[in-house]
């Protein structure tokens, strides 16, 4: 059943060394900053992190990498103008990188949540990112075999949760949240607002509560979400 | 025309070539400029791979919303008829062949439409691929916008790419300041030239060129 | 670009003999009755139909089968108390049946829309429905290789469309609609209401207009849909 | 107990065994009765594979809505906290291992948990599988509810299924009017019997039975 944590610290307390942690967000949008900071405080080590990027600036995921907590990162776009902490760790050989085309990253995470054992995709065929992977010609087109990426834990940011864990997101901050929630053994979600059950329109729930284990309210100054009651 | 095209002229040319009603993804950098020249009458819908159809122009002032950004992480706006979806659904749009056109930059394009645009192959470079391979492989038409020649005068439309590939046989058109090239099973055809003749162009390139129909 | 047809007849006019037609609906919910009836009138033959069932009673898909228009049906649950028309055609050998577990049916349709060349699933492993199919043990578990099911055309029912083809559905009538819209070369959708573009909340669009080619308004007496303007 | 259980008693027993907070799918037929005995305090959420979590009781009178039905095509109701999703997302819930329990009827179950519940194998039967294979393969626990014996007295918990399989090694518990069986790597354990002793039960069955720990 859903746990409603009082603080981000409480929410991430059980994450263990060596965990695979799926972290939502694409750039700043949807990045669960407070949960990542709590994970940094919490001290878990030897983490495998799955995120689109490899940290920006000096905070959040970058700080986690800087503190030497991340053994390996699986991402599509590590090198950015402000990825200096990852860059340094990578050049020093202290972090392992698995570079994955962004669509394969999304589809592999989705496959883990959906119980798919693996799939063939044209993306990456004939490139160095397919080296060593099984390939197959399907209907005359080259395909690469890709495997699911499951997480022990997901750290996600959504806009609003109800008290059974149903989630809605906001604009392009949705990005990896719904597929990561489904692909993790335990999904920890920071939200701007928690509303009473029944106030989210069932037609508009994006992540059903079955995929959510822990929510914590972090007021980040977003506009109040629309709910069914207010709308009707 | 008697001169090569400016970046703006090239962007305008690409914009004008996009069929009315198309769904389009514009890559980061030069391709983004194409959006400045799309007309309302074209009814072109822009996709951004981080989860949106119906993307509007770059946000300014009060419009800036940290939850509404494009794939280049620039704040953008939302047009009427927009929709949001998660990353797997967004890439399903690209990978499932639903985009009519994507416009990408490139380091090199080969005569068979191979694309190299994500990695210089330098041994000390930190690679980053993003959505480039999905776009290259998934869109119905892949247009490349690039300068035709490197600083030392070598053509970037080549017999075979020497940089690491993004996709195999995926590019259908190459827009450059000197010429527009169409790639199909027959080879590379020069649709038009700017500021130089077909013969002058052919003399500067290593690949066989076909004349426009 | 989106076509707004005046009638169901107009909407289905271009369907050709031999087409693979994905038909939405699960039981009565979401069944595009008027489009199916128009297809019957239209006369296309040798159709391959993909639907969860194989027709009920004497109307809709059952009538299409009864008229000898369906060469093959791909479905999960053909035999029902009122599937007498399919039953008779099947026993007479005039219709071919490909029986697919319902989850494989949904995932195979989804794969076609998402550009997946094929996938491995545990569903059906060790059963007669996997006979002749490629299998693979992944992480100690038996999996079966399944291939995409694409349609030339999809016939779907939704609640509301705007004028660029964005769709919302109603309750369990959503079922196969969104995945079929994505998996077909041409998606034809009957809706209860067409609203002006901008009146559906972009957060709540279920099928983006990119997947929709033709809409036709059929008034079936459903309650008026909520739209953004009315809600705010 | 001194008598075998009635269908209602069996449904109540299954309902009581479902852990609080579970997400559950109840198969068509006898398993549907389990919902009558779930208590609000259990906070059990029901899934229906045609696209809903938070399904309520069968709809009556004015509640009947043709767009709100369960997998058996019976009109149902919606509870607070419900959500709707499309068929691939719905089956992803089942196939991805997210349901805690599904309860299914059966023709036969084997000592290793193989399930046969979709097809009699009769040569003239028209087969129909629906979501049975996905439920059997995907749920964390698969509970079977069935009569233990056929009309001719043969046990349906068998050394190996003779009917076509639904899933391999998937059933974890079998609830019958005479006994509850737990299946794990050790074999088949009798958790409790109703109206007959362990020895009487064992004498009527072809498979080795373990006593409750």
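By letter and in written order, the chains are A, B, C and D; residue numbering begins at 1 in each of them.
The rule we apply is simple: contacts are C-beta pairs under 8 Å (C-beta built on N, C-alpha and C of every residue); 3 or more make two chains touch, one makes a residue touch a chain.
Predicted model only: the values in this text are computed from it and were never measured.
Using the contact threshold fixed earlier, the set of chains in contact with both chain C and chain D is A.
Our note on geometry: chain A versus chain D, Cα centroid distance of 34 Å, whole angstroms.
The mean-CA centres of chain A and chain B are about 29 angstrom from one another, to the nearest whole unit. Chain A and chain C have centres, each the mean of its CA atoms, that are 32 Å apart. Residue positions 52, 78, 84-85, 88, 91-92, 94-95, 138 of chain D are each in touch with at least two other chains. The multi-chain contact residues of chain C, meaning those touching 2 or more other chains, are 107, 114-116, 121-122, 169-171, 202-203. Checking each pair of chains for touch leaves A-B, A-C, A-D, B-C, C-D. Chain C makes touch with chain D in their complex at residues 26-30, 76-80, 83, 87, 90-91, 97, 99-104, 106-107, 109-110, 121-129, 142, 169-179, 206, 222. Partner chain A is touched in their complex by these residues of chain B: 48-52, 65-70, 73, 78, 84-88, 90-92, 94-95, 114, 119, 124-134, 137-138, 164-168. By the touch rule above, chain C contacts chain B in their complex via residues 1-2, 112-116, 162-164, 166, 182, 197-198, 202-203, 205, 208-211. Of all the residues in chain A, the ones that touch chain C in their complex are 107, 111, 114-122, 136, 138-139, 141, 143, 168-171, 201-204, 226, 231-232. The part of chain D that touches chain A in the complex is made up of residues 20-21, 23, 43, 45, 47, 52-54, 78, 80-85, 88, 91-99, 138.
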